[in-house]
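For reference, the structure discussed in these notes is given below.
By letter and in written order, the chains are A, B and C; residue numbering begins at 1 in each of them.
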Amino acid sequence: MKLALRELWRRPGRFAVATAILALIALLLMVLGGLLDGLVAGSTGALRAQRGQLIVYSSTSQESLVRSHITPSVRKEVEGVAGVSRVAGIGSVQLGARIDGHGPRDLVPVVLFGYELAPKGLPDAVPAYGEVYADDSLHAEGVKKGSTIRLGPARTPVRVIGFLQDSRYSGQGTLWGSLATWRSVLASNRPGERAGDGVDQALVVRVAGADAGGQASAIDRATSGATKTLTIPQAIDALPGVSQQQTVFNQIIGITVVIALVVVGLFFALITVERIGLYGVLKAVGASSGILFAGVLVQALVVTLIASAIGVAVSLALAAAIPSGSIPFVATPSRLLTSTAYLLIAALLGCAFSLRRVLKVDPAAAIGGEQ
Amino acid sequence: MFLALREIRRAKTRFALLVAAVALLVFLILTQQALQNGLITSFVGAIKRQSAAVLVFAVDGQRTLQGSVITPALQKAIESAPGVAEAGRIGQGTFTVVVGDAAKSNAALIGYEKSQLGGPDRLSAGRMPAAAGEAVGSAGDFSLGDRVRVVGPGKAVELRVVGLTDNAQIQVSPTLFVAWPDYVAATRAFNPDAKTVPPSVIGVRPVPGVSAGALTTQINKTSGDADALTRDQAAEKAPGVAAVRNSFNLIFLLFALVVPLVTGLFFLIITLQKARALTLLRAIGAPAGVLVRSLLVQALIIIGGGIAIGTLLFFPLSQAKVGKLSLSFDPAAVLFWAALLLTLGLLSALVAARRVLAIDPVQATTGGGAR
Amino acid sequence: MTTIATDLALQMERVSKIYSVGDAQVVALDHVDLTVDADEIIALVGPSGSGKTTLCSIAGGLLTPTDGSVIVGGQDISRYSPKQLTRFRRESVGFVFQTVNLVPFLTARENLLVVDEIGPRTGRRARDRADQLLDELGLTDRSSNLPAQLSGGERQRVAIGRALMNEPDLVLFDEPTSALDTQLGDQVVNLIRHEMKSRGTAAIIVTHDDRITHYADRVARIVDGRISDPGARDD
């Protein structure tokens, strides 16, 4: 063990290139993962922030909030379902926001939500007409408490009275106000999508008991199929692109891990070949294959850990350096840790290729030139 | 040549591992290039496909078709701007549709008032719509003769696909080009509350002698609410497109670094390992140039082989669909990456070649080469 | 592990070693008998291919004999498993190889301590022993130098130190002077004799070198896998 570590300290140059490559691969894994996390977080925050377990869309909406339409009569039916403890309307509209300090053509895309049941991080009381809470990502756009934001072509003003975290939607910052605020902003700016009085886009439903899935079908039965009710995780999966993004990115991450495995395998196979003479001598003086291979593993782990540390440092630096809005990149501790874990596993497996070679070293070869 | 090939044959596993690593990297790069192109095409393909040279958005639309709403006043201002020969309304929305007897699905509708200002600029099959209820669909999503019902709370609209056009998706949705009245009917089917149906953008044709770029400047000067863009600008500056490009460029940069580092490391280690043999070869009169050439031949074989195998792996995938994204095999991209990786790989092998040149044949007699 | 009470460092009886090369069988050792007393130094000489390296490898537990019995320091190792042999080599014999074969990235002192690190650690005891050996071998002020910074003779002395770390019953030398010039060779052989005799440790020195035969208690000659002349102890 000590032998392996000493070699690392005494001959860092020999491990430098492999460490550099692994650091790049570590960074690649973390960037890929961070992009995925950023994309997913930015498009699902508003749903994850909901305090209900279920979300009710109209059945014609294809599980899309903007196209969903819940009439007051349907809402009554949902409220009548046994086990439903709270039904709250929700609505959304995507608009360009004019924010003080921005140029006349420099609009910030935002999604305004109208709600009855406060999302996580907000007080239970719904804000007064014309007042909204803002997602804290809008801080970067110069939004402050007390700022007035003008929404859409009608320049409908709303005043920011506070902030909440992690509530982004479609990759955009969000504003949260009352349903009345939402209906009025929608009607002024999107005449084609006007919602009549009492009409909500969707319903957020809280149920008593643990069987949210069972309640979902009960709701859809009660409305005779006029609704399509999803649990919040199902609704997140139904967001356009989210599950595809996850699949594609995870596949790319998987192949990148395989490449790391090949690199580690190749590097330590070559290093082992170089050491056959040395291993012969060590075996002749009584070292077991196990202890020699353990040395290879220790080196692989140390090299991978150093590479991962570099990857983590660069990822954090990238996350800090990337201007908000240009690349949806976040560096979360869990992502950095899992990337490191993947690399360590790849390194261990990669080393396994060298095991056979270490076992094959014949201590008798250390002596003489015969045979 | 002889030396190079002999050595590869003797150390098959080692060289095969490296070829595999390079092939995997090439495969990943090409896949991501195709994903990037596929993503961008399915986000904004229809914008490039539509026939108007200049598109005028409302500033509030933030350069998205679905977000932009043109007020009658803005439309008047655009039509009267100097350099405008002809203007036509273009509307876009995403709707719930039933294709044939299939289940409900999503489709984007692009309604155009004049087929030369917003209709598809070319068809891959069928003909342009001539009568009410006829539509051109995005190839791959629709077939000629498909019957499409736009459904919603209002009166359903029946459409028939009479033409097909390539790379014409918008918002990663199957897309239909229809005449303006059909678009208005579809909007009312979706939302009977809609009183008027405003256009999303105005397609404009410049008078002879005025370029599309010059016209955009003119229109933007005319009205502070107008955001005129050429067709290419409208596609490139759509929100998200830049983020997609930036994200992928970051990934490409990392991959482009990993490939030469892996091959460089490999040849460096291999060269160090055979230092003794190379010294001997130098001592018996092999010119350094021959040894360097043999090294470069090996690098060429490995990287070339890796590129070939990676491309072969990529080819079947490029014919497939990832989620809703259709990929394509882009020979230009393949050539670009092949040339870049080959150059970088050979350059990295030159580091090892420097080692070879530094070998002093005298060491063969003094035994210095053994250390 | 059975221990046989004996005064002999090595007792080989009717030891044969047969290699299979394709279909053919090559007899490397043919019913060899050889005994080495507890403090005896014998030189093993013979032309190349005569089987002297095979003999040495079997005595050191690097190879197992096809037939016959090998008892080293009272342990019958002829039927040991590879695992037992590894342990036997770690605890009971010392090796000095032809090409010096020190670990290039370890200092002289660390090269001695390798022997302790690859087995069950004894820590302090091993460090004391290494320092003592370095002192006896006149290497104290070179103890933190890497092999590349040492002269050929110094390297060979470090190798001897390493062989003595585990207080072996028997030390095997494989051509210890072949890489050294005459004067250095003499010094090294002198040192070997001194170290072995002062510890009462037995040694087998495989060599071509006539100088060594003068320092040995006995010269055994091997030809075609047979001991042609077991030699006579000349003290």
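One rule holds for everything that comes next: contacts are C-beta pairs under 8 Å (C-beta built on N, C-alpha and C of every residue); 3 or more make two chains touch, one makes a residue touch a chain.
These figures come from a predicted structure and were not determined experimentally.
> Average the CA atoms of each chain to get its centre, and name the chain whose centre is farthest from that of chain B.
It is C whose centre lies farthest from that of chain B.
> Going by C-alpha centres, which chain would you call the most central?
The most central chain here turns out to be A.
> So what's the Cα centroid distance for chain A and chain B, whole Å?
24
> Distance-wise, how many Å sit between the C-alpha centres of chain A and chain C, to the nearest whole number?
Whole-Å distance between the two chain centres: 63.
> In angstrom, rounded to a whole number, how far apart do the mean CA points of chain B and chain C lie?
Whole-Å distance between the two chain centres: 69.
> Specify, in ascending order, the residues of chain C that touch 2 or more different other chains.
104
> Mind pulling the chain B residues that touch 2 or more other chains?
none
> Which residues of chain C touch chain A in the complex?
Against chain A, chain C makes touches at 19, 48-49, 52-54, 56-57, 60, 62-63, 83, 86-91, 94-95, 97-98, 101, 103-106, 110, 114-115, 117-119, 146, 162-163, 166, 172, 174-175, 206.
> Residue numbers of chain A touching chain C in their complex, please.
1-3, 6-7, 10-11, 277-278, 281-288, 291, 363-364, 366-371
> Which part of chain A faces chain B closely enough to touch in the complex?
Residues in contact with chain B: 17-18, 20-21, 24-25, 27-28, 31-32, 35, 58, 60-62, 64, 67, 69, 94-96, 104-105, 107, 109, 152-153, 171, 189-196, 199, 240-241, 243-244, 247-248, 252, 255-256, 258-259, 262-263, 265-267, 269-271, 273-274, 325-329.
> Mind pulling up the chain B residues that touch chain A in the complex?
Those residues of chain B that touch chain A are 14, 17-18, 20-21, 24-25, 27-28, 31-32, 35, 58-62, 66-67, 69, 71, 93-96, 104-106, 151-153, 171-172, 187, 190-191, 193-198, 224-225, 227, 239-240, 242-243, 246-247, 250-251, 254-255, 257-258, 261-262, 264-266, 268-270, 272-273, 322-325.
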